[in-house]
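Structures for review follow.
Heads up, the next two complexes both have chain A, just with different partners, chain B and then chain C.
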Partner chain A sequence: MSVNYAPILWNRQKKIYDRLMFGFMGLFIAVFIGLQLIFYPTITAETLIIRATGTLAFFMLHIILCMGPLTRIDPRFLPLLYNRRHLGVTMCCVALVHGVFNIIQFQAFGNADPLVSMFISNVNYNSIGRFPFEIFGFFALLILLLMAATSHDFWLKNLSPKVWKALHMIVYFAYAMLVAHVLLGVIQLEKSPVLIGVLGLGILTVTGLHVWAAILNKKQTNEPSERETEGFVRVCAVEDIAENRAKTVLIDGENIAIFKYENKLSAINNLCRHQNGPLGEGKIVDGCITCPWHGYQYLPHNGQSPPPFTEKVETYDVKLLDGWVYVNPTPYQEGTERPPCPIHSALKRLTKIEKSDGEANG
Partner chain B sequence: MTPNLRKYHRRIWFFLAGLLPILLVAAIAVIPAERTSPSTPDNQPEALPKVVKTASSDLLVATLRQDSATGERQVEIELKQALTNPSTLVYLIADENADPATGKLLGSLSSRKIYRLDAGKNLSGQEYLLLFDPITHLKIATLKL
Partner chain C sequence: MEKQTDEFYIGWQEAAPDGISRRVRMFIVAVCVIVPIIGALLALNQRGFVSSNFEFGETTELEGALITTPAPFLEIYRGNDVNDKLIFQHILLVKPGKHGMGEEISDLEKNLKHSLDGQFVKLQGSLIYHDGKTMMEVEKITSLMLDTTGIHVMLPFKPIGSGTFVGEIADPKCLFGVMKPGYGKPHRSCGARCIAGGIPPVLKTISDNGNLEYYLLVNEDGSPLNDQILPYVGDQVVVCGEVKMVGDWMVLYKFADKNLALAPETMRKELPLCK
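Now for the complex of A and B:
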């Protein structure tokens, strides 16, 4: 979050994140090279670089792809998301080293252009086992390069968060192509049951987490249909919202987060203007709704970022009736001030009594 | 993430959760039982004394040589131009369309030089020379001796 342009907005958390990342990468490469030298004592430096960078990049991609669903399954993983873009760009650089070394080693010493050679040196396009697997890696690398090139907030702002997010979802196809690249490449050549097992485990982890998170997310999506007077829709009991937290609801396509704070309720659009992060999964810090992804902040009563920042989201009317929270899904223009709905202490007492009566009767 | 993107996201992963395990099983099923490239005999250091016959093409000159005393035969190949295939094996086969698996492996070729390959005592009617790329499974050239 910044009002002035800076290529990278460094802060302490980002530095710690990057140090951990580079530390892990160094450790991975050292262990990998050590194991390779033990099992393949005659291995050349070029082959070692190709294997180490390819394995590291593929492993990093698995970690990156697991972060999203992990945070949706358990919010304690949210700090992993904070600097995921640095991780992604670094992974792309490692993959690029792998790709360039491969092209030099296997395609650059013939009489054809190295890139052309990759497509014509093996023409078994009608075979699964002998398919030119390098092509999958090549196209996956192009996708990763496109994503790395557009990862900066400059592109996010100019393409809009919706387009940018949709563009970056093609990483899933890059992942599928890389799985094919490994399956038809190293698995066919090495035939190692250990490699097959590790790859299978990787596929199972990534797809399993995504499917689990998707099912969980669908279950958690609150889509009330009961419409009350004046366009208000009943959402939940006021006690269902934790202090400084929100309840999110999807009504007529409007993604709304209703926050409870300081004995008040306010509703704003659930999508952060930065990367469409889920504001309703964040909390109120220093009086501001704080996006769980990258810390963008908004004031609950008007949906505006505190000065000097300029981001704004839509606001909604909220009301409280007999202990139930109602929201009107018709949005006000971004940044429009709406008076918070007070939670009266008498009302809170009333709902407690009603609840205990209900429990006694039930 | 907007509800629409979330929906597409969910569909993509349900699709991949079906596709990737199928790919894994298919790839395991087609793993070759043997190595692609068989071990190849070494070149012979000296040419056998008697020339039996010679044939040539744009790519190479092939000479069938023999040692009259022992009956041993040798195929001498001189490449006229560098081969562009990363790996080339030389087989003796019975006819122009025969599969390399039915032929006799003589050795491998790489850079431009003269190769002298052991052909044994009996050609068994295999009088065609086949240059074959085992990686791409391409027949590079055939030549009748």
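Now for the complex of A and C:
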């Protein structure tokens, strides 16, 4: 979190993250280029650069796309997500080297502008097999550049998290275009079953993890249909919420996280104002709800970030009746203070007795 | 979704909790294994690259007779063989970048108001060579000798026969050394740009026993067919025509009444691997 904009807010974990990232990139480049030079010594430097950067960038994109679902499947992977923007921007730079070298190598020094040449040199737009695959790579690169250019918190704040998130979701469109770029390009020349297999494995891993995470998410999302009086909706038993943790619920499109802490309950909007991170998967640390993605914090009773920070989320009314937690899905304006609902110890005991009776009878 | 642990990761804290650190370390170890495996699989499963050469940055000066049609060649006298027959080498001429030599020769001829066909010239440039074929990327014409004094015997174009040929359209400059690979789908745009820039197209054929042969492709009357061949660059096509040989090059004169067409799947041949 920061009050003022800075190019990069370095901390120990970001430094470790970046060192590992560059280490792995170096390892990939060393293995790829080393083996190429040993087994194919006649390769030209341009081809070597184009292939090394192209494969590295595409591999990095797979890792990036796998991180989101991995953290949803197991939150212990959250450190991978923390500095994902550095990984994304670095991947974009590698892809840019690939793209620029390709344009210079294949499109420049002719009788047409290099960018125009990309669109007019192969005009088989009516054929899938003969389609100019470069176009897919070009537009995917534009998307990656747009994402890298807007990756800073300045853009996040000014575009709003919703727009920013929507903009950055087009990475999946870029990924689909890159798959087409590879399938209609180099795979048509190389045709090695191993290369096709590696590509297939990559696509399967990305889509498989996303499907898995979506199924888990669906199971996790609480969407009560039962309406109660005065606009309150029953969510869960109070014991179902762990101390300093939350239960999330989706009611009429309102994504709500109900936190239990210090014998109290408070409800705030589930979406962090930084990057729409799931606050309900966070934890109360030092009295503040802490976002699992980047550690942004909010006070549970008013949804405000502690000063000097200025982020605010909507708050909701919560009540406790016979051991059941109820929430009113009508939001209060961002940062509106709502008194936490106390959890009476007597009531908790009563609920336990009722439950054990119910189990014995059942 | 939530694991049975109360550990919680916050990026801006000095260190991650132990359980989370252990999981991330496992991930790092996995990536350590996966990265070299993927790098190796991608590097080792390529077709390989031909041993063609482009003497980039090295300048060679050559002297010989200029042949302007059907494509610009430099015919160089290489001495006599054991039967005292004259030996010539034919070097296909192109310009730097994706440009042919034909336009410069035409401009020169217009300025001089004189045909340059058969004239002695000295050229400076970088050599490109592969599979018995030599080309030169001409940087400049250093000397144009209109009054010939050296040995100059223009080798006749020797008819070989006519027939139907199946092969891939490529640009010879990239194919014979400037690019690796200088053929196939990834190279299609570049090849089209080279051919659009005046470099004469080549038909690369593969015999049943895997031998490659190269034919410079021109119209029946010897005029360039670059523009009409552009949609087929990088594709395998069927061409009917007559073959003539000039030195170490074969030229395929496409019959005017036979259209060039994409080769049906059954007639296509895979290039042998370069490994």
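Going forward, the second predicted complex is superposed on the first by the 362 of 362 C-alpha atoms of A that agree within 3 Å, B and C clash if a C-alpha of one lies under 4 Å from a C-alpha of the other, contacts with A are read in each partner's own complex, and residues count from 1 in each chain.
The working rule: a contact is a pair of C-beta atoms (placed from the backbone, for glycine too) under 8 Å apart; a residue touches a chain by one contact, two chains touch by 3 or more.
Keep in mind it's a predicted model, so treat the numbers as computed, not measured.
Overlaying the two complexes via chain A brings chain B and chain C into a clash.
Of the two partner chains placed by the overlay, chain B and chain C both lie in contact with A:V123. In the superposition on chain A, contact of A:A112 is made with both chain B and chain C. In the superposition on chain A, A:A149 makes contact with neither chain B nor chain C.
In the overlay built on the shared chain, the residue A:L184 is in contact with chain B and with chain C. In the superposition on chain A, A:N276 makes contact with chain B only, while chain C stays out of contact range. Using the contact criterion defined above for the overlaid structures, shared-chain residue A:Y172 touches chain B, although it does not reach chain C. After overlaying the two complexes on the shared chain, residue contacts for A:L250 are found with chain B alone; chain C is out of touch.
Counting residues of chain A touched by each partner, chain B versus chain C, the larger count belongs to C. In the overlay built on the shared chain, the residue A:V211 is in contact with chain B alone; chain C does not reach it. Contacts of A:I43 after superposition: chain C is touched, whereas chain B is not reached. With the complexes overlaid on chain A C-alpha atoms, the stretch of chain C that clashes with chain B is 256-264, out of 4-12, 22-30, 76-84 or 256-264. Of the residues of chain A, those at positions 106, 110-112, 121-124, 130, 184, 188, 191, 217 touch chain B in one of the two structures and chain C in the other. Taken together, the chain C residues at the contact with chain A in this complex read 1-3, 5-16, 19-20, 23-24, 27-28, 31-32, 35-36, 38-52, 96-99, 179-181, 184-190, 192-194, 196-197, 231, 233-235, 270, 274-275. Listed in rising order, the residues of chain A touching chain C in the complex are 1, 11-14, 20, 24, 27-29, 31-33, 35-36, 39-40, 42-44, 46-47, 51, 55, 59, 63, 72-80, 82-83, 105-112, 117-118, 121-124, 130, 132-134, 184-186, 188-192, 194-195, 198, 216-217, 219-220, 242, 244-245, 281-283, 285, 290, 292, 294-295. Those residues of chain B that touch chain A in the shared complex are 1-3, 5-6, 8-10, 12-14, 16-17, 19-21, 23-24, 26-28, 30-32, 82, 84-86, 135-138.
Residues 106, 110-112, 121-124, 128-130, 162, 165-166, 169, 172, 175-176, 179-180, 183-184, 187-188, 191, 196, 199-200, 203, 207-208, 210-211, 214, 217-218, 221, 250, 253, 255, 271, 276-278 of chain A touch chain B in their complex.
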